[in-house]
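Next come two complexes, and both contain subunit A; in the first it sits with subunit B, in the second with subunit C.
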Partner chain A sequence: MTKVFTDGLSFAMPLLIMAIGAIYSEKSGVTNLAIEGFQGFGAFIGSLIAIILMGTMGQSSQAVLYIAMAFAAVGGGIYACLHALLCIRFKANQVISGVVVNILAVALTSFCTSLANTKINGTMSNKFILGVSTRFTIPVISRIPWVGGLFKNMYPFEIIIIVLVIFFWYLMYKTKFGMRLRACGENPQAVDAAGGDVEKTRWAAVIISGALSGIGGICFAYSLLANFSPSIYMGYGYLAIAAMIFGNWGIGTTAIVCMIFGLAKSGGYQLCIFMGLPSSYSDLFLMLPYVLTMILLIFFSKKNHPPKAAGEAWDKGKR
Partner chain B sequence: MDEYVVEMRHITKRFPGIVANDDVSISIRKGEVYALLGENGAGKSTLMSMLFGMYEPDKGEIIVNGKPVVFHSSNDAAACNIGMVHQHFKLVDNYTIAENIVLGMEPVKKKFGFLPWVDMREVNKEIQELSQKYHLEVNPTDKIEDVPVSVRQRVEILKMLYRKAEIMIFDEPTAVLTPQEIEYLLEIIDGLRKDGKTVILITHKIEEIKKIADRCAILLRGKLVDILDVKTASVQEMANMMVGREVDFNPYKSPANFGKTILEVDHLTVKNENNFEVVKDVSFSIREGEIFAIAGVSGNGQTEIADAVAGMMKAASGTITLDGKDVTGASIRERAEAGISYIPEDRQGTGVVMDFTLQDNLALREYHKEPFSKKGILSFDKFRSYADELIEKYDIRSGQGRETIVRSMSGGNQQKAIVGREIEEHTPLIIFVQPTRGLDIGAIEMIHKQILKERDRGAAILLISLELDEIMDLADTIGVIYNGQLLQTAPADTMTSHDVGRYMMGVKDA
Partner chain C sequence: MKKKRHTLAHLLDGRHASVWVSVLAVLLTLLTAGVMLLLMGKNPLIAFRSFLQGCGMLPKANYGGGSGMLSDLSDFLNYMAPMLLASLAFIVGFKAGLFNIGIAGQMLISGFTATVFIGYSKLSALPARILVVVIGILVGGLTGALVGFLKYQFNIHEVVSTIMLNYIISYLTGFFINNHYVDMMTRTSRICSANARLTLTNVMIAGVKCKLPIGILIAVIMAFVVKFIFDKTVFGFELKAVGQNRKCAKYTGVHVGNRIILSMAFSGVLAGLAGVTYYLGYTNTIIPKTLVGMGYDSISVALLGNSSPIGSIFASIIVSIFQQGANYMSSMVNVAKEIASLITGILLLYASCGTYMKMRAHMVIQRDIDREEEEKK
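And now, the complex of A and B:
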């Protein structure tokens, strides 16, 4: 049972940081289905750096993860500029732009991974083999029955993400930047009339969204799955978006939703083992978070209040 | 020599296909209420948008406090202590009043000496003090979506005061307010003047100017007509200058000449989507050459009667007979073909297709018939000639003529287009719902004349209006609706506006 909590948290945290990325973008008024693309591209850059570093610093070096994480954030942020350019500068349809950015990311990372593999170690594989960072257990509280599992065998990235979540919550709700960002998603005309710069704010929000998604992506690649290939991030971006919608675009509520998703996934997996079913059934149980999403959306989607101006290109001349 | 706080000299501004301002010069003294009077589309808002930095003039110069300035954005204007309350409020609905006021000028404090943050508790206190100082009572922690329009406007005024604006521009501030709220707003403006602020008031309502303004500049089709001292100018004089010709406040009404009954509404009941009876057992009839007006306070079921007759809402019970034919169950098009024209209340929602051109909108009633289409293929030659004919006949003004996208036209001209399109059908029954709401004098006069012309032609007219004056001027027969029921139906000359007003409040024996 403790394993359910341990694995649940380690799955929920990367999902949460991506969902917060999505929240930043949407709260600023840019609908963002491109989270998965940002995640994939960010993770690819991070993994590439990790592979190169592992060659010089050794397979077991712990510093690799942190450097890779920084690069994943940068990579995700840069890739997000594409979505920002299409949606903000060229006022493209934001849903279509998001889908295009996702499809492009799969193709691009697949191609580049193979290319990098031939250059670095001469194989044709479209997969980077990565390491796993050392886990640690927080003493005392981890001994609490059941819930103690949350503090057992933790990955270092979980702590980093918790710190980031607090920081980005503060930025969103307590600062001038956050106040303008949220206003941009509700009524950009009001921000413009009050002397704010809508375009700049939205650019910043989309880039933040890319950086956070990249961080989420590298956590999946390094540590959780210990490899990178385009197939590892399929579906997680949309799951993060589902968490955001179900969490009603709030950071606190979305955190709870991500935790539910994480526990559903790890719980399903453990249930499958517990029932002694053949491993082919595990896929069935892995559907749990998605089925849960659909059921929850049926009940909660009516009460949701998405940012009013999300999805609308901002046109200064329009009154 | 007077001390001018704002001078705009020889301002010219062109938009594609239209000269919005043509060599306009105005000078505004410190501490006065200066009104800009003109019809919709006369260029008042454009002129002030340039003073507020939203557009740059093509020609001419702006001088503020004696110094020539060039504004690239509204920030530049705000830096010169100029503020503006836009016609459509620029507020974030789910923010509190205080948050909206400080947005863009947030006071930033350092938490623990390094973490920047906005202390909302402090801000709320500050806004509370500001609102008390200027007698603009608001509760800083209320959300915008929960407060009425008049409070939202107060928030916009506080926003300017918070930014230390000395020159305040109000763009059509009374358009959204009730009479009592207008009184209150004018008091506020008077208070601002006493505090030494300079107020520029954009409006097309002369009575407001008469009440509050010191001087008044009149614009007509982009040109400055005259600058008047409000105290010495008469209402008639201002109205004539604004429209550019003699305005007839009392349209001539020829004696009634009723023919056979066209519309017969019998025991009509209409339910809304919540299954609530909004029209209860209403009966009336309209004859040829008769204007039947339904008077009432907004929301008493008058719009639903019109919708039920036009076929937009279903009758729960009762019958509607048009020229002897039962049309109760007929579709909208069947009724239109049988002889109903409809000028709806929601112009932009049901009256026009906003993103179509003017030409296409004018053909909406006819496009499926010859000669507008032959065997299902549209003939645009006919569209064009028909549009030009109507534009000429109904004086529909727009940037690019028949090719103009209707969304970019002013509200008054959109309404003229709808009225023109519907009247041109010359149907036996024409329904007008709030035909002149929000329009300027010139357009109102024109529409009233058209209504009377159709009556004299022999059409039966159902007029629904919230303006008692309009009903008293035009109607032959008045029905007063209260709470879904027709309380009283009588010939117009047997009732005074005082009587009608009492029935409107639900008093049965006036």
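And now, the complex of A and C:
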């Protein structure tokens, strides 16, 4: 039972940081289906740096993880500029732009991975082997029965993500920038009239969204997959978007939803082992988070309040 | 230079603007891909030629026994059929303002159902093939209708529901294939009977072995059917009205919810057809837990074809050349064949800037007109 909580949290945290990325972009009025692409590209840059550093700093150095995380954020942010350019500058259809960015990310990273592998170690493989980051246990609280699992065998990135979540919650709801950003998604004309720069705010929001997704991506690469390969495009970016919609575009509610997803995933997996089913049945249990999303969306979608101006290109002349 | 830019602007602002935007997108893509290949130290001209050679459009240097240019061309058509159908599926949804991102999932579920019920049966050729097509239409249509229903009844955005369905279908079919229909050697599903396959294999034409895809006939016919529906029928007009302005359509008395469900169902039908032509034609086996990249490639085809059914015939030829010719190109110039997806991605990128290009062209021309008027004064 504790393992359900441990695994659930380590899945929910990267998902949450990606969902917050999506919230930033959508709250500023840019529909963002590109989370999947951002996280993959961020993870690619992060693991590329990690592979290069591992050559000099040794295989087991944990400092590599933190440097890789920083670079993943930078990479995701830079790649997000493409989405921002298409949506804000070129006024392309935002849903299509999201799909374009995703397709390009899959193609670009898998091509560049095999290119980089031939350059670095002469193999044609499309994988960067990263290994799993070390875990730690918080001494006292982890002994609490059941819920103590949340504090057992934690990845260090979970702490970083929690700090980031609190910071970005503060930025969104308690600062001037955050208020401008939310206003851009509801009524950009009002922001313009009040002297704000709608385009700049949206650019900032999309870049933040890319950086956060990149962090989420590298965390998945370092925990769930233990490598970087095209299999990082497992649809977790879309799951993050579903969490955002289900969480009604609020950071607090989305955090709860992500936790539910995480527990559903790990719980299903443990249930499969507990019931003594052969491993071929695990596919059915892997399906659970998606089925759960569908069912929950049926009950909660009606009351949703998406940002009013999301999906529309900003047109100064419009009233 | 200045004059030239303005000819381009006039082309992009004229009557056939959409066609020229697509042509420009293709040219820019070739340019970008060429520069990339040059940077890797390869000759882009040889690479582009081998793309065409791999698709049977240009003769190769030598052929294996019993095969020739025609067999490559028939392979190419075999691949193009599901691509065209899938892009039509996207277009039908897109015209009604819906993004059917779940084409890959709808393809998989219909292909899987047809394989299990007909592909493994002992039916004779004609009824088997008819049943395969019918099952493709039914299963695809029902899946599409479900998405439309969820959108209309529960306000679930179709992008989210189709993506969730994609993963559910992928895991579900993967589970059944792995447990019941797996071929131990290849780890994919057992191949279906030749009677049910929509591609006739080993047909001798002009002394070479060819594959005769029935799917390409279905695909081209469907392209004209879709064109007819959107250009000449009330139903098609209402779909377009719903796509352009939902509130206005409702005000003029169109039953919006009904039209949303029907357009998703129609889109699903086409995706289902694409599924059976892919899984019981192009390949005749299913790799478990894998969604085909064609689901997304079809979106680039639709965009490049300016979401017109006839345009998408040409667009699917172009995109299929890159995808199908990649293997031969990869062996000729020694570049990883993932470059084909990369080129498709770049193509999609330029195609999505189409509106901006047109807007720019219009601005340039408008500025000229203003200047001329000022000079007259």
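Throughout what follows, the second predicted complex is superposed on the first by the 319 of 319 C-alpha atoms of A that agree within 3 Å, B and C clash if a C-alpha of one lies under 4 Å from a C-alpha of the other, contacts with A are read in each partner's own complex, and residues count from 1 in each chain.
We adopt the following convention: a residue touches a chain if its C-beta (ideal position, glycine included) is under 8 Å from a C-beta of that chain, and two chains touch if they have at least 3 such contacts.
Please read all numbers here as calculations on a predicted model, not as lab measurements.
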item	value
Clash or fit, subunit B versus subunit C on superposed subunit A	fit
Which superposed partner A:Ser97 touches (first subunit B, second subunit C, both, neither)	second
Subunit B versus subunit C as contact partner of A:Asn304, first or second or both or neither	second
Included angle at subunit A between vectors to subunit C and subunit B, based on C-alpha centres and rounded to the nearest 10 degrees	70
Partner chain in contact with A:Ala70 - subunit B first, subunit C second, else both or neither	neither
Contacts of A:Cys81 with subunit B and subunit C, given as first, second, both or neither	neither
Broader residue contact with subunit A after superposition on the shared chain, subunit B or subunit C	C
Lowest inter-chain C-alpha distance for subunit C and subunit B in the superposed arrangement, angstrom	6
On subunit A, the residue positions that both subunit B and subunit C contact, one per complex	none
Parts of subunit B lying in touch with subunit A, wherever the complex brings them together	73-75, 78, 84, 86, 88, 90-95, 99-100, 103-106, 108, 115-118, 159
Subunit B-facing residues of subunit A, complex	170, 174-176, 179-180, 182-183, 186-187, 189-196, 305, 308, 319
Of subunit C, residues touching subunit A in the complex	99, 101, 150, 154-157, 159-161, 163-168, 171-172, 174-175, 178-179, 289, 296-297, 299-300, 303, 336, 338-339, 341-342, 344-346, 348-349, 352-353, 355-356, 359
Residues on subunit A engaged by subunit C in the complex (per definition of touch)	33, 86, 89-93, 95-97, 99-100, 102-104, 106-108, 110-111, 114-115, 124, 126, 235, 238, 241-242, 245, 280-281, 283-284, 286-287, 290-291, 293-294, 297-298, 301-302, 304
